[in-house]
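Below is one structure. I have some questions about it.
By written order: A, B, C, D and E. Residues from 1 in each chain.
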């Protein structure tokens, strides 16, 4: 698992931003495709039209019908600005859409609601937890989503919009907005499941054969857990704010659904906190395994020393060259020494046995 | 003790749920008996009828009398849905009944109250803490309970319902609802007692003979404690909400009883936090025992080395082959060497004694 | 110090309680004397009568005069029930009086106030912190106290009631109630003092001669600290509730006194938290002492090895049996070797000196 | 630094207090000078009279003029009681003045305000942090201060009162009260500075030469930090209460000054928390230093063993007495052995060098 | 990284302040340039005049036009006092401007707002985190900034003020005030980025070659993190206060901008807490690396001892001088011994291999 995202990194192009007046738009992410993909779904209970307009066509769209405008790729600042201007989005929010280091939040304005949150994905290739910032503008009859790059988990929505008799088409756009949030939060469960598996895997490794890499894995795991936590915590406040909202664009009936997402969010938080705690104590299990290994090494050394040091002393005694050493002259002296040494070994074997060292 | 429940696991069949619109019912538990057992108690102060209807009979029941409908087994989605529809339960709650990963909560609607919580049981066979999700619908004159599998702790209620002059039959269904909650919370005390015994057992083991398995036991114990904690914490909020409730279906007199359960819940929380803390410090006691063991091993090694290394040097001296070594020629040289060596041993014995090593 | 109270233990007779309807009275404590001692003080500013009625006499007492009824021993359920019934105490509170695992709390009813808290005592014989649950019913003109066993710290109250001109007799019963609480909280200070002494004693032992028992003492000390903490924390809420109370039976003037107890309670909490923290860091001091001991052992081993291993090598060299070893033939070869060895010893002595090992 | 104050100690004479009715005055401090020093400053913008009255003169003083009455020494209970009675101070506060274990607090009564807090002083002789309890009664035109012993930091106030044109004389007594509090809080900064120096000193010692005393110093340091923390935390609440106060005796203009002290208090708290945290991690730095020392010792042992154990084996080989050992007969056998041994040493030197052990 | 700022240090000249009445101005910083640099920007949407007045000229300025007065160097007390007096700044705030140990705060007065906060800068030369206290007075048409020393990050504002058509010139002075705060908070991001790099660098070092200096680096890193934290935490309260403010001088439109800074502040706090946590666990990774090193050393010692101690015993046996030792007389005895010893070595090699030690 990667350690890259956890450290706050300004992109190469970001430093120029310090000191700029607010409203100077700078994109701070890493997906620099110059062209934004535009996608529009105009829908009513009866029908749904799907097309990919040019920017010009988009800006001239009639916005009185229910529609979902999705923009993939936000590095082209001019495109973002002109779309936002069309919908009257304050330039501070335009700046927030471009700056991918936003904390999840929701802001209510007179004729639109601005929300931003993160979609998490596990990049199997890079073995990395990838964050993508999703910004949503909810206005009277339009939902606009800004994504950093193509590819998302919303295909189910596209299918539903095209399908006959789907609830999605029958309801107002606030229900579409809810569905986008709901799917995003659902992706967190997938991440949690991966983390659970990984934690279980490390736990088994710790017990099997502790090596020095493990603590680094635990440390990196911690960073991933903290990254999820950092993104999900503010979502709780965000959802609470929407449930409490008295904005006319949020229907009372839709609030029940937001409450449902809030429940999921709290459940994710519970699990994240549990994982955090377990990861912490995994470290202790690991350190204990290391110290056990140490004990085992020391035991081997001690057993070997305890056996041979006295024996070596005895043979040393009879290696002395004194003229008068009666034992040396005895006929069975040599066998006597062996007898003594074997007795010592037997005694020690018995002693270690009783101490439970074997 | 098992480690399985603590990691968030989606059931095999669950992944298909991500992206599904809310209201698409998927059962996420592990008890897949296709048929739900239905059980109905219709009661009044005077009498109580008990029967096990078919689904069809159940759906045609007259619901104006006080009754308790208990459903064991929720994997048959159609059954659950039709029962819920009969009582007008919102499809978000239908989803919650089926999804066994709910956080305990209570939700008030106009003509019913939805509550969900966990019943804990210690499975002696699998040596595992088993969670069963209980969902309750409390409507004007009916209590419906949904359980994952047959077998529960509510037999006492069944007896009381059948018994003459029981308070249960005299009161409204909110009292029955209270009794279900009360019994569920009481099962937590049994779990706590088992945990207390287990903690005491580990504590004794730690002091007797520390081995490497112990830290894993402590770690698993922690997971069990955290599982209880995770389930009991939201119950406090749930009960507070019911005590504060102004719903007409909750009688003022019944609130005093909910307050009583709340007191129990807080008491359980206190004990859980205490256990958590004690479990934590058990780890320290254990690690200390390990490090003491280490010290003891090192002492043995040091004592043996300290005795024999100097002696081995001395005998080495007189193993040298110099032509002129006067001591070798002395008549009592050999005995002299023994005398010196015995003096050294006596001195060392005295020295170690004074240091308190024996 | 004992470890018994900290683990939640149901008494042998308690299991039967799970599933019983509320109001089924079961005594859960350990003091099973079948007869309750009854004691009544009827007092007015002018006089005080003291007598020990039978249960029957007590139940027929005229309760319009100020009086204190004290009951020692609550294992006789019938006695408790009939007394409570006489004063109209709700059966949930009757249950609480009998169940000695209550969290300290106060509950206000129309014509009485129910309070329960713990009195702590240091049992010198069993070396154990003993909890006794005190339940108090404060009604218009009566204070009823239920104690688990005879013997308490309220003798001073008995003396004051009998004494002429005591404030106690001049005031309403709420003042008597305050005095009971005040004395109970004062006993906590005695426990704290004992704990302070014990902590200081352990601290000194840790520095003197660390042995393996010490960590267990620290662990047990922690349990005692946690037990006090668990009992005193809810008392803060309880006192706050009484100060905020608008119950007509609590005089405004008496509230100032409750405020005084609250101050004491907070002071006790401060001290308990400080002790908890100190106890925690005592563990570190201890573990450090152990690791220092280890270092010292290793130093001895290293010094001895460093001195003798090279010397043993040298004498080994001249123990070789080569035909041609010129040194062996030198007249002063043997003395030369001694000279070399002594030089080495001197050099090592100097070296260790400079490293500060001696 | 001393460890005495942190443990809650009842003075020898205190035990008699448990069970006494409130209002029974017992002095709990250690400064037992039988006579209280009385000091009075009567001041107006035009003049200030300073004199040391007897108790009798004090009790007969006309209290309509602005004045500061300072009492040094509170062990004479009668003196304190009669002064308090003159100003109508409630007997619970009289008790608080005498009991030097009060938590800092402020209490508002109809015609006076009672405040108590601690003045801290570093006793260089005893190397001890000394607490002195200051109690203040602020009434319409009088400030009365009770100090445990002579000697304080308020000399600057005495000078100001005597000086012409000082703001102190022009303002009401609430300003004098503020000034007393302000100076007291300022003394905490001096203590903090001493602690900062001490922490820095320990930090340097830890890095230089870790010895066993250091952890005890860190532990004692912690106690001092906790003592300051314990005294300053309630002062924040106390000041907040005074700022929020609507008591007529606290002028709106003076509140701005209390706000200023509050800022200082929060700053002190910030620093204390920082010190606490740093002190904690100093322990880790220390324990690391100890474990490094251990590593170094083990390295020396290992290096020496690794060099000499193989060499000793080689010389042992040629110390064997077999009749047929060709090497022993070779002319250059002995030199060969030396060559082999020197090669081994060179190889090991190179090996250790590469491992970075030298 | 330096450890200097974290300990509360009174400047040499500060002690004289204890006991002084409030309003006695003492500068507590370290930048003692006797002359303050004065700089004035008078601006309107149409034009902007920039000049550097003398103190006398400044005091005679007409303050009805929008203007920014910047003062570099606050050690000349008289200058500060006379400027503050001109704008009616309360003398407690004058004191705060001079005392560079202020906690960031904002205070609203009738006709001006006083704010103080810290600007952080990484001093590459001294390798030190440098704090500079910025005090701002915002009055009807004037922003006055007090800086400790020349050089700041506000050059972008100076450029904007001089530029045609800049928003800055079109808006009221509260917008200028916002811009100053915004730029200051932006400098924190730069510090965070440096810290992130440093943490990553230490993390890599820990894994590569742990040496004793590393824990000191981690400890110093902690101090830096705590210093940022200490300065940014109160800024959150400060910004919240300004957003909630109903002061007429803060325009409703400007509040949206303060909200934006608040978002940044919370983001910084999130990152700081994450760094704090990571820094903490880096210590564990480090201590683990040290203990691994220890294990490795012990393994080497054990392997060497295990190989050579038995061999040395064997050669010792045949170094004995018994008259009758049959093996010594055998023709191939010597080779036999070598065969036995080589067998032992092979066996041990195999054994260690299987244990995974090589």
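The working rule: a contact is a pair of C-beta atoms (placed from the backbone, for glycine too) under 8 Å apart; a residue touches a chain by one contact, two chains touch by 3 or more.
Worth saying up front: this structure is predicted, and the values here are computed from it rather than measured.
We define each chain's centre as the mean of its Cα atoms; on that basis subunit A and subunit B are separated by 27 Å. Separating the centre of subunit A from that of subunit C, both taken as means of CA atoms, is a distance of 43 Å.
Residue positions 291, 294, 298, 301, 305, 309, 312, 316, 319-321, 325 of subunit D are each in touch with at least two other chains.
Judged by the touch criterion defined above, the protein chains form a single closed ring in which each chain touches exactly two others.
The chains touch one another to form a ring, and the order obtained by going from subunit D toward subunit E and onward is D, E, A, B, C. On the side of subunit D, the complex with subunit E involves touching residues 153, 155-156, 160, 166-168, 179, 182-183, 186-187, 189-190, 192-193, 196-197, 199-200, 203, 207, 256-257, 260, 263, 266-267, 270-271, 274, 277-278, 281-282, 284-285, 288-289, 291-292, 294-295, 298-299, 301-302, 305-306, 309-310, 312-313, 316-317, 319-325, 356. Residues 3, 6-10, 15, 17-23, 90, 92, 101-103, 105, 209, 212, 215-216, 219, 222-223, 226, 230, 283, 286-287, 290-291, 293-294, 297-298, 300-301, 304-305, 308-309, 311-312, 315-316, 318-321, 325, 327-329, 331-334, 337 of subunit D are the ones touching subunit C in the complex.
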